[in-house]
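Note that chain A is present in both complexes that follow, paired respectively with chain B and with chain C.
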Partner chain A sequence: MHNEHIDEHFSNRNIAEMHSDYYLVGIEDYPKTGWDKFKRVVQRSLKGELFVGLWVVLREMIRFDIHTIKYPEEKMPIGPRYRAVHEMKRLWESDAERCIGCGLCEKICISNCIRIDTRLDENSRKEVTEYSINLGRCIFCGYCAEVCPELAITHGSEYENASDQREHFLIFQDMLTPLDTMKAGAQREFEGFGAITPHEEERVKKTPLAY
Partner chain B sequence: MEKMIHFTIDGVAVEAQKGETILTVARKNGIYIPTMCYISKTSPCASCRMCVVEASGMDGFVLSCNTPPVEGVEITTSSEALNHERTNIMRLYDVNHPLECGVCDKSGECDLQNKTLEFNVARQNFSAKDQLRPLKKWGLIDYEPSLCIMCEKCVHVCNEVIGDDAIEVQFGGYKSTIIPKGSDVLDCTFCGECIAVCPVGALTSSNFKYSANAWELTRIPATCAHCSAGCPLEYETRHGSINGDKKIYRVKNNFEFSSLCGAGRFGFDFENSAKKDDKAFTNAIEALKNAKAIRFSSMITNEEAHILELLKEKLNIKLFNEDARKFAAFMGSYSSISGKKHYSGSLEGIKKSDAVIVIGSRIATDNPGVRYAITTASKHNGAKVVYAHPLEDVLMQNVVTQMMKYEVGTEEGVMVLLADTLLKNAELTQDERAFFDDLDLGYLHAETNLGDEEFSHMMKSFARVKKATLVLGEDLISHKRSSNIAKLSALIEKYTNFSLVVVPRDVNTLGVSLINSLERDEETLNTVGYNAKGDFVISSIGGGDLDIPSLNQQEGTFVNIDRRVLPTNVALPFHGYTLNDIAKAFGINESETVNYTKELKKDAGFRAVSFDDLENYLGTLGEDNRGYILEDVACKSDGELEELDDMPEFNGTVIYHANPVLQFNAYTNKTTQLPKDDYLRGSAQFAIAAKISDGDLVRVSFGQTTIKRVFKQDADLKGTIALNPVYDLDLDSSRYRFEKSKIERVINE
Partner chain C sequence: MEMAYIIESIIKIVVILLVFSGLAGIGTYFERKVLAFMQRRLGPTNVGPFGLLQVAADGIKLFTKEDIIPAGVVSRIFKIAPVITAATAFMAAAAIPFLPSFTIFGYEVHPIVADINIGILYILGIMGVGLYGPLLGGMASANKYSLISAARGAAVFISYEVITGLSILAPIMMVGSLSLIDFNEYQSGGITSWILWSQPVAFVLFWIAAFAETGRTPFHLIANDHELIDGFGTEYSGMRWGLFFIGEYANMFFISFVMALVFLGGYGDGSFLGALGLLAKVAFFFFFFLWTRAAWPDVRPDQLMWLCWKVLMPIAVINVVITGIVMM
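Entry: the complex of A and B
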């Protein structure tokens, strides 16, 4: 419910602008002598700074202008270039996997956490039989997504990596866009470098199932 | 010295010998001329036209690959016009070439990819109406016509070097493809050389296809461990699957200059994957303490042979290896006449010969390396090839100019007749001349079934021969009269322009025969078998009492047919014990097996070079820089020719122990890709004589052995000799390969 407000914060980060929400915080010099330090302690104790903070909280509570995000019910929006757990994309026109098994991601991976297994399938095409990313090793550098010639592997926005088993993030099928999402036209496209034209998915024609 | 031709390439003064082309001279002088279809070991295909150059005094361009230079000509290899021409050729190559580099097996090592980038062809300017060109599956080989650029390298190699002549170009302009010659499916020896030379991903190994990429594989230079040709190869390894152990994905070779047979190319997974077993090791030490002898095979490195020799001295036991012992005896008799330890010929020598005589070997399957050398000689020098054997070989029929079909067992007679013919005008010593004068030629002609006219025909065809090679096979080494045969061959080598090649049976028969002092095998109790039969078996195949690393898991050296000491390297790890560990247990302390490389017997011609100093590569012009050639050693020449023995007779159903193509021994039998053809093969005539028919299960008895085989009638065979494979049998490998046999049909089993 507060997302619009936060979005505005995110989008306007230019501190040089006159009407920016950002301002410089005035910071006093640190006390140098022992006497100065003592003075500061006495000042702070008697000034009641504590109540300043408490007053702000009380005021905002009464106003109901609450900025706190109620995680996990609410989440911060993620920038399109954020590199969280990988996703495997499908082709818009045929729903087929985009990955062609070229192995470039495996080769470029600097933490050596990607392994893939390919073979010649019945239709004489290269088929990816196994795809595994060890997220325990992955440093989310994004090289795999950058090198991918097919925009097949991308980084998603799923940053909640807490689980009782690491294996939960390793399987190709889990990373692959589910078919029902695909059918609903709800696959989210990576908007970073080399991305397809925005909203291309709305224009692309589905390949007929039989030739 | 022949007269040199002097000319210039790009202003550099160069010289050429007769027979050299502009391209070969340019390459020799380090001048780059781009090519797509050129391959050094065949005659120029001249299909790509990339190698065009400008020559002074000539209009237009000339093809540098097949044009010999003339005195004083000025060659220009790069100019605006040439570059334009070459770029246009690349544009044409790229017409409709599928843009599937991402999945193509060749990507990363593709000539088309490299040259397209080199000439900066960024777009496909032309197009043609594409057509349906489905993938062709030819067994171990896959052919993808849509990727094919019709460079014709595969056809040239198959015809000129391998000799299978199994594929050809179906001409049809843009529709041209490569097709199997004279049949719908590919019928060949599956050497896979066409895969190796293919500059694009059109011809690929069906097993390797799409399983890994060129850039992921680690290359390990090694030496093929299947036969004594000792071909150079590279094992390419990578982790297997997601978490798999390291494994060999494929074998590659430097196809520009060397060739590889299918066993080398597809038979690479013979490693021993056994785990460390301490108990077995203790048992092995115990067994050796009680042993009277060690019986071993020649499928070992020189270093292992050296350790066995040290163990023999330490434990005071005997060493048995009939294969190497017979070879050593043969070469000993040879030395007693020739006065030197090693024969003079080599594979390179055969390639340069214009006459080759092969005796006593089914050479195409015994040693494909020799076969390819003979094919090269035949196709490039028009060499006359005389093939003397009781059986015709269909694989050799393309190159053999004269077949001498002798009677089984009469090898000694054949050698005498041959020596008599070749030494007719030689200046022999009195004793030697007396030996030939005393011969009863009529008896020999009759017994061997080789007439006088056959030899005179041979001599007539040899009239203009400058360089000739005599190739002696296993049938002569294992023959009862091998000693006299060896002496006769030494005489031929000594007095004629023939150089001699003796074909060792196994990968390191020659090395073992030089390193070990062997004794005649007796069925002693308490024998430890080292890759061989015994009461306690130490085996690199697996299934023995103690496992040791196989030859692709070891570093060490072999001695091949060229008398070259060749290094091989560890492609795959082995986790158990090695022979060196056993030696250490007996107080023979050396940290690594390869520390023995420099210790190898000096009086046999080995040099004191340590393993790490041995190179293993072919130079840019094809110079063989692998290891070193054994030094020749002078020997006492006090041997005399022996009286001829009566020729034995082999009647009835005779079998000949000969392996099918791509099979040599238990190691090739263990590999997954190589076909395991274990039929008893015979002619229709044989079937009648043995009273069996095609497809029958038969019981074959020879000597003390009885085996069961399915009989297959083979239209390519003639006569009453059948071929019996031995790669899957645990036989004494050094026996005379023709044997009288009893063949019965198995009923109700």
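Entry: the complex of A and C
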């Protein structure tokens, strides 16, 4: 049934009949005789279309409705799901790092730009010793943020990452939310891939397993 | 007397050179600003107040850029071509009265380098010689786009030069002189005495031809960026390219002066207001060059030639004939 519909759609390419919103613009027959050509020239010359064009641009100049964004001073607002340079979040409760060193982000990274090294500390807890993202390789696909079970690695909103070195690594400490930001309660949660959806808590209470 | 005349002429020449080289630079600034405003942009804003020093920055860039003579070009002709463009543009200015004569320190100054009695013929001739800049530059460049540009330049030149000459013939018949000062005197009786009212067809034809003459947008064929890169200027760099540029903008100013003097009454009775009026007319014509660039698309070369030969030339000839009949 479904296939038949698609077949019909593909075999019938007459747009004008299927969707009446479509119409053909300004395709007149080409003038055949010299007299027709002459009539067309006169018609076009006296129509005053050139002056319409002049008026349109002059109107915009007078209206002075400038759309330029003066980039270094002004910036376009970016969406909360924008995937820019990564950030490492801390736990709200303890200010400790969220990262548990599971290594999933390193595994899933399709451009192999994440390197993570862990060890067991004196309390036999896993500790992240090395964590770097090679931003020169990163394609900002967002898989790492999506796969992270702890919402630890996320994308931030810093997109101005020009450098004179191609391989300026991004080190764990640079990405980690600074403690004073944490103290001020100013850590911003990421709303993109892998983030919990709004009002998730209410839904979790109702049906924990459906989550 | 003889010595004083020579000194006066040299001073005038230097002043015209400096003023119009500067105006060419400021013209680029206004072109950017006007085009930007018409396209809802801001144009240059960062260098200096309102971006005014962008002109200086461009000048410094042009002067300090390496002067590259590519391998394979005909080096001598390649080097001389931009000079021809700029020099002919400024040479044409010799017969243009830029302001009414005024008295300074008890000395009467005529702001015209040489009031020769064949002024218009001289201006049109020199502007015609200006074609050799793009033509030689394009042919010597060893670049096929430059070559196409040069060929287009030659083909288009013949078309519009016919219109220029024929359209201005009717006003010349009315005035009976080729000197632009005589033209101005003929129309010194106020707005009603402007040749525009008695020769509107000639005015429109000359205006159209002026667009082709200066290579401005509806007829921007010989350096059409989206077809020919920069046409004859493709292989040029630094100040050699800058000379082409100065020539183009100076030409725009001078042709605006010619149009204002021939058709719109020039400086009228020679008063201060008349001088301001002349500058206002020139400013309008210059603005119109920028205005059309924002509003109108380019035509193809064959369309321009069709327009010039099949439409404008017959109209110009008929105009001349009718003028002759009326004058008899």
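Simple rule for what comes next: the second predicted complex is superposed on the first by the 121 of 211 C-alpha atoms of A that agree within 3 Å, B and C clash if a C-alpha of one lies under 4 Å from a C-alpha of the other, contacts with A are read in each partner's own complex, and residues count from 1 in each chain.
By our rule, a residue touches a chain if its C-beta (ideal position, glycine included) is under 8 Å from a C-beta of that chain, and two chains touch if they have at least 3 such contacts.
Predicted model, so just to flag it, every value in this text is computed and none were measured.
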Review point. When the two structures are overlaid on chain A, which partner does A:Arg119 contact: first (chain B), second (chain C), both, or neither?
Key: first
Check your understanding: chain B or chain C: which reaches more residues on chain A?
Key -> B
Exercise for review: Could you tell me if A:Ala184 is touching chain B, chain C, both of them or neither one (first, second, both, neither)?
Suggested key: neither
Review point. If you stack the two complexes on chain A, which partner ends up touching A:Val57: first (chain B), second (chain C), both, or neither?
Key: second
Check your understanding: So, does A:Lys70 touch the first partner chain B, the second partner chain C, both, or neither?
Key -> second
Review point. Touching A:Val41 in the superposition: chain B (first), chain C (second), both, neither?
Key: second
Point to revise | Touching partner for A:Ile27 - first (chain B), second (chain C), both, neither | key: neither
Study note, to complete from the structure: In the complex, the residues of chain A that touch chain C are 41, 50, 53-54, 56-58, 60-61, 64-68, 70
**Study point:** Partner chain B, residues of chain A touching it in the complex
**Key:** 100-104, 106-107, 115-120, 124-127, 130, 132, 149-150
**Study point:** Residue numbers on chain C that touch chain A, as the complex places them
**Key:** 34, 37-42, 45, 291-292, 294-296, 311
Practice item. Give every residue of chain B touching chain A within the complex, in rising order. Key: 102-103, 107, 135, 206, 209-213, 215-216, 239, 241-243
